[in-house]
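Let me give you the structure first, and then I'll get to my questions.
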Amino acid sequence: MSTGWTREQMAARAAQDIPDGSYVNLGIGIPELVTRFVPAGREFIYHTENGMLGMGPPPEEAERDLDLMNAGKKYVTALPGAAYFHHADSFSMIRGGHIDVCVLGTMQVAANGDIANWSTGAPGAIPAVGGAMDLVQGVKRIYVITQHTTKTGEPKLVETCSYPLTGPGVVSRIFTNLAVVDVTPDGFRVAELAPGVTFEEVQQNTGAPVLPPN
Amino acid sequence: MIDKKYPSVAAAVADIPDGATVMIGGFGASGSPVELIHALIDHGATGLTVINNNTGNGEVGLAALIGNGQVSKMICSFPRSSQSKVFPALYREGRIELEVVPQGTLAERIRAAGAGIPAFYTPTTVGTILAEGKEQRDFNGRAYVLEPWLKADIALIKSEVADPLGNLTFNKTARNFCPLMCMAATTTIVQTKKFVARGGIDPEHVITPGIFVNRIVEVPDPVHEDTLIAEGRSYP
Amino acid sequence: MSTGWTREQMAARAAQDIPDGSYVNLGIGIPELVTRFVPAGREFIYHTENGMLGMGPPPEEAERDLDLMNAGKKYVTALPGAAYFHHADSFSMIRGGHIDVCVLGTMQVAANGDIANWSTGAPGAIPAVGGAMDLVQGVKRIYVITQHTTKTGEPKLVETCSYPLTGPGVVSRIFTNLAVVDVTPDGFRVAELAPGVTFEEVQQNTGAPVLPPN
Amino acid sequence: MIDKKYPSVAAAVADIPDGATVMIGGFGASGSPVELIHALIDHGATGLTVINNNTGNGEVGLAALIGNGQVSKMICSFPRSSQSKVFPALYREGRIELEVVPQGTLAERIRAAGAGIPAFYTPTTVGTILAEGKEQRDFNGRAYVLEPWLKADIALIKSEVADPLGNLTFNKTARNFCPLMCMAATTTIVQTKKFVARGGIDPEHVITPGIFVNRIVEVPDPVHEDTLIAEGRSYP
C-alpha cells in the first residue's frame, strides 16, 4: 500500500483549497506548513490568536523581539500591513466569523463533522483548551490536516469521536496522507485520492463508511 | 497582492440593494462619510434601514438621504438636534419608522454583532419605559435587560488613513462608532482621506484591522458636513 | 425671598464636592460651568461620551478641528495626556463604573433618587435618549445641578417623577439655587442652604417633604 | 496634578491582601510583568486566585509565584506548556485548584467585567464537556452558552510606555490580555519600560486610557521571562 502524500504534500493540497485574499488561522504542526505552499498569484493573511494579523515567518535570531510571538509561543515577524490588537478583538475576529479558514490538526474527526483535538479525556490529564473551541465555533470554514491513522494504525476518521469534543459538526474537509475527504450530510466522501492510493485503502483505514468520489 | 481599493464612491456603493440595512459612521457631523452618503443618494437604493447615532443635520449627508425618501427606518440614540429638520418632519407625518436605542447600548449591540455575541445583559434602561418588552434578569442582586446584537449589510465609514489591506486610522473624535460598525457589517465601505502603501501605518497604531474592511475609496479632500451646513448647501 | 445661588455659584458649589483626580462627565447646560470652578490644588479629567478623556476648553476659531467635538456637538480641544477611543470603549468606562462623577441637569428628581431628564413624554414628542440612561446607571456618583423650580414655579424636586424616568434611584446629591439637597434613605435632606435662604423656603419650593440639615 | 507613579514595585504591591484575585497580563512569556510578580513573591500574600492565559514557565515569574505556595486557584485557558512544571506537579497533588476557560471566552469575560456587562452568550463550548452546567439558549436557531463577567481585585500589567495619567502602550503581541485586565480590576498596577511626561503619547495611539490604571512603576530594563528561563534562573 502506498502511504500517499507526505506532510508537505498534504499542506500543499490544503493550500490549493484556500481562496486568494483569505484570512487564515493555522494550528500547530502540519497546518503550519501551509505557509510554504501558497499557490502562485494568491495571498493569504495569517491571524494569530494572541493578537496579530499579517504574521510573517520566524525571524533570524539576531532580529528576534521576545514580545513578538504566535499562539504556539514561537517567535515570528510582522509583515508590512500587519496590525496588533488585544485578545478580545482577536477573538471577535474568530467568534464573529471574520476569519475565512482555519486549518487544524486533530486526534479524531467524526463522519458528522465533530472534531476532538484538545483532550484525550484520560484520568489525571490536565485539561488545556486554549483557543481551540473558539476557533471551531467561529471560523467560517474548518479544514483538518492529519495522518489518516494514528501511529498504531487506529483510524482518526471515525463514526463517533471517543475523545471529548472540541466542537460538534464543524469540520468541512479533511486532508490526510491518503485522500481529501469531505464531510457531507451523508457522511465522509472521498473528494480526491492520493497518487497510488485506492478507494478501498481509504475505506479500510477509516472508522466509518466512506462514499466514493462523486 | 490584496488591494481593496475601489476607483470611486459610485463604484463602491453601486451594488447596495433596496431594503439593505446600512450603518453610517459618525457622531453628528464628526466622522460623517458625506461623499459615500451622497453616492448612495445618486445610486438611489430605497427602503433602507439606517443605523447612526443621529438623523443628520441640514439638508446634506444623512439628512439628505432621509429627505430623498430612501430611508424607511432609523435606528439611533438621539434623533433630534438643533439643525435636524428633515427627519422630524417625516417622522411626524408617519413616513419613517424610528427605533431609539440608548447610545451605549447601541455601541455595544453593534460590537456584539461583530464579536459573535448574540446577546448580552446591560443595566441601561432598567426601570424606564425603554425597558418595556425587554427580558429582565438579576445578576448579583441587580437588575439588567437582555439586548441582542445589531448587524448590518453595509457600513459606510470615513477614515483618516487607509492602506490596501484595509487597515484604518481615524481623526480624533471622528472615530466614534466607526471601528464597531466596520466589525458588524457584511460589507464595509470606507472613504479615506489618505491612502498609503502597505507598511504606511505602524502596526501598533492601527485602529481598525483590515479584516473588517472590504472596499476603500480615496477621497483626498472630503467635505465636512458642518461646512456644507454653514454654507447653506443641500443635496442633490 | 432670596433667589440664592447663581448658575455660576451652583456650579462652583458642586465642584467643591468632586475629589481631586476624579474622572468627570458633565451634562449640557449649567453642569458645563463646573470646569470654570475647579478648586485650587485639584485636577479633574473630563470624559466625553463620543470618545475622549482629557477634554479641554473650546478652541480659538482658527484652531478648530471639525472632527474634535464633545457629546453636545460643540468644538473642544484635547489637553496633553488626552486619549481617543471608540464608542464601545467609551461606554465601557461609563457602564463599567470607571467614571467617578457625572453632573447632570434635570427636569425632575424624586425623593428616592429617581431622575427624569430625557423626555416630557408629551404625545408627538420625538424620543431622544442619547447616553443619558447609560450615564445614570453606570457612573459611580450622580450629581444634579438645577434651578429649584421651573420657570413657572413648579417644583423640580418631587415626591414622584411625572415625566418618564431616565433611571431609578440613582441621584445622590442635588445642587439648586436654594440649597444643596441630599437624597437619603429617608428622602430629601438639606445639606446646606444658600446665603439668605431659609429651610422653610426650600420646603415651600419642594414637591416632597424635606428634612433639615443634620 | 495627577501623577499615578509609585516609587518601586515593592511599594506598588505592598497592600495586596491574602485571598485577593489577581489578573496577570501576558501570553506565555510575552508581556509577563516579571518584576511585579517577583515583588508579589517578596510581599508574600497567599491564598491568591490568579487569572492568566497560562500557568507560567520554568521557575520564575508566575511559575515561581505558584511554586512559592501563594496561589490557591488558577483560572486560565491553557495550563500546560513544554516548560511548565511547577503547576502540573501541584495540580496532580491536589494542592491547587484549576478553572479552565476557553481563551476567547476568558478574554470576553474579562472585557465584560470592565464594561459593566454581567453576562453574555457565546457559541464557544456548545456541545462539549466544558458546556456542562452552563445555561444554554438558542438565538436565531443556534445554541449558545451564558458566560458571566470575570472581575479581579488587582491586575499586574507590563507596558511599553506610560504617562503620569496612566495612559499606556504595549510592545507588539505583549498587548494580549493587558488592556482587558486593566479594565476589569479594582486596582491596576503597571510596570512600564518607559515613563514619559503628559503629552508624550499621541492621544491617537493610546491603547489603554489612564482611567483604567491606578499605579505605575518605571522598570527601565525589565527582564524577559524567556531570558531568565534560558539562563536556568529561579526565584526567589
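Going by the order they are written in, the chains are A, B, C and D; count residues from 1 in each one.
One rule holds for everything that comes next: a residue touches a chain if its C-beta (ideal position, glycine included) is under 8 Å from a C-beta of that chain, and two chains touch if they have at least 3 such contacts.
Keep in mind it's a predicted model, so treat the numbers as computed, not measured.
Enquirer: Report, in whole Å, the distance between the mean C-alpha point of chain A and the mean C-alpha point of chain B.
Expert: 36
Enquirer: Distance between chain A and chain C based on Cα centroids, please, to the nearest Å.
Expert: 55
Enquirer: Any idea how many Å lie between the Cα centroids of chain A and chain D?
Expert: Distance between chain centres, rounded to whole Å: 29 Å.
Enquirer: What residues in chain A touch two or more of the other chains?
Expert: If we look for residues of chain A contacting two or more partner chains, we find 52, 78, 84-85, 88, 91, 94-95, 138.
Enquirer: So which stretches of chain D touch two or more other chains?
Expert: 108, 111, 115-117, 122-123, 170, 172, 203-204
Enquirer: In graph terms, with chains as vertices and touches as edges, which category applies: line, ring, star, complete, or other?
Expert: Per interface graph, the chains form some other shape.
Enquirer: Using the touch rule from the top of the page, what pairs of chains touch, sorted by label?
Expert: A-B, A-D, B-C, B-D, C-D
Enquirer: Quick one: in the complex, what on chain A touches chain D?
Expert: Residues 48-52, 65-70, 73, 78, 84-88, 90-91, 94-95, 114, 121, 124, 126-134, 137-138, 164-169.
Enquirer: Taking the complex as given, what residues does chain B use to touch chain D?
Expert: Contact set of chain B toward chain D: 108, 112, 115-123, 139-140, 142, 144, 148, 169-170, 172, 203-205.
Enquirer: Could you please specify the touching residues of chain B with respect to chain C in the complex?
Expert: 27-31, 77-81, 88, 91-92, 98, 100-108, 110-111, 122-130, 170-180, 207, 224, 226-227
Enquirer: Can you list the chain B residues touching chain A in their complex?
Expert: Residues of chain B touching chain A: 1-2, 111, 113-117, 163-165, 167, 183, 197-199, 201, 203-204, 206, 209-212.
Enquirer: Give every residue of chain A touching chain B within the complex, in rising order.
Expert: Against chain B, the touching part of chain A is residues 20-21, 23, 43, 45, 47, 52-54, 78-85, 88-89, 91-99, 138.
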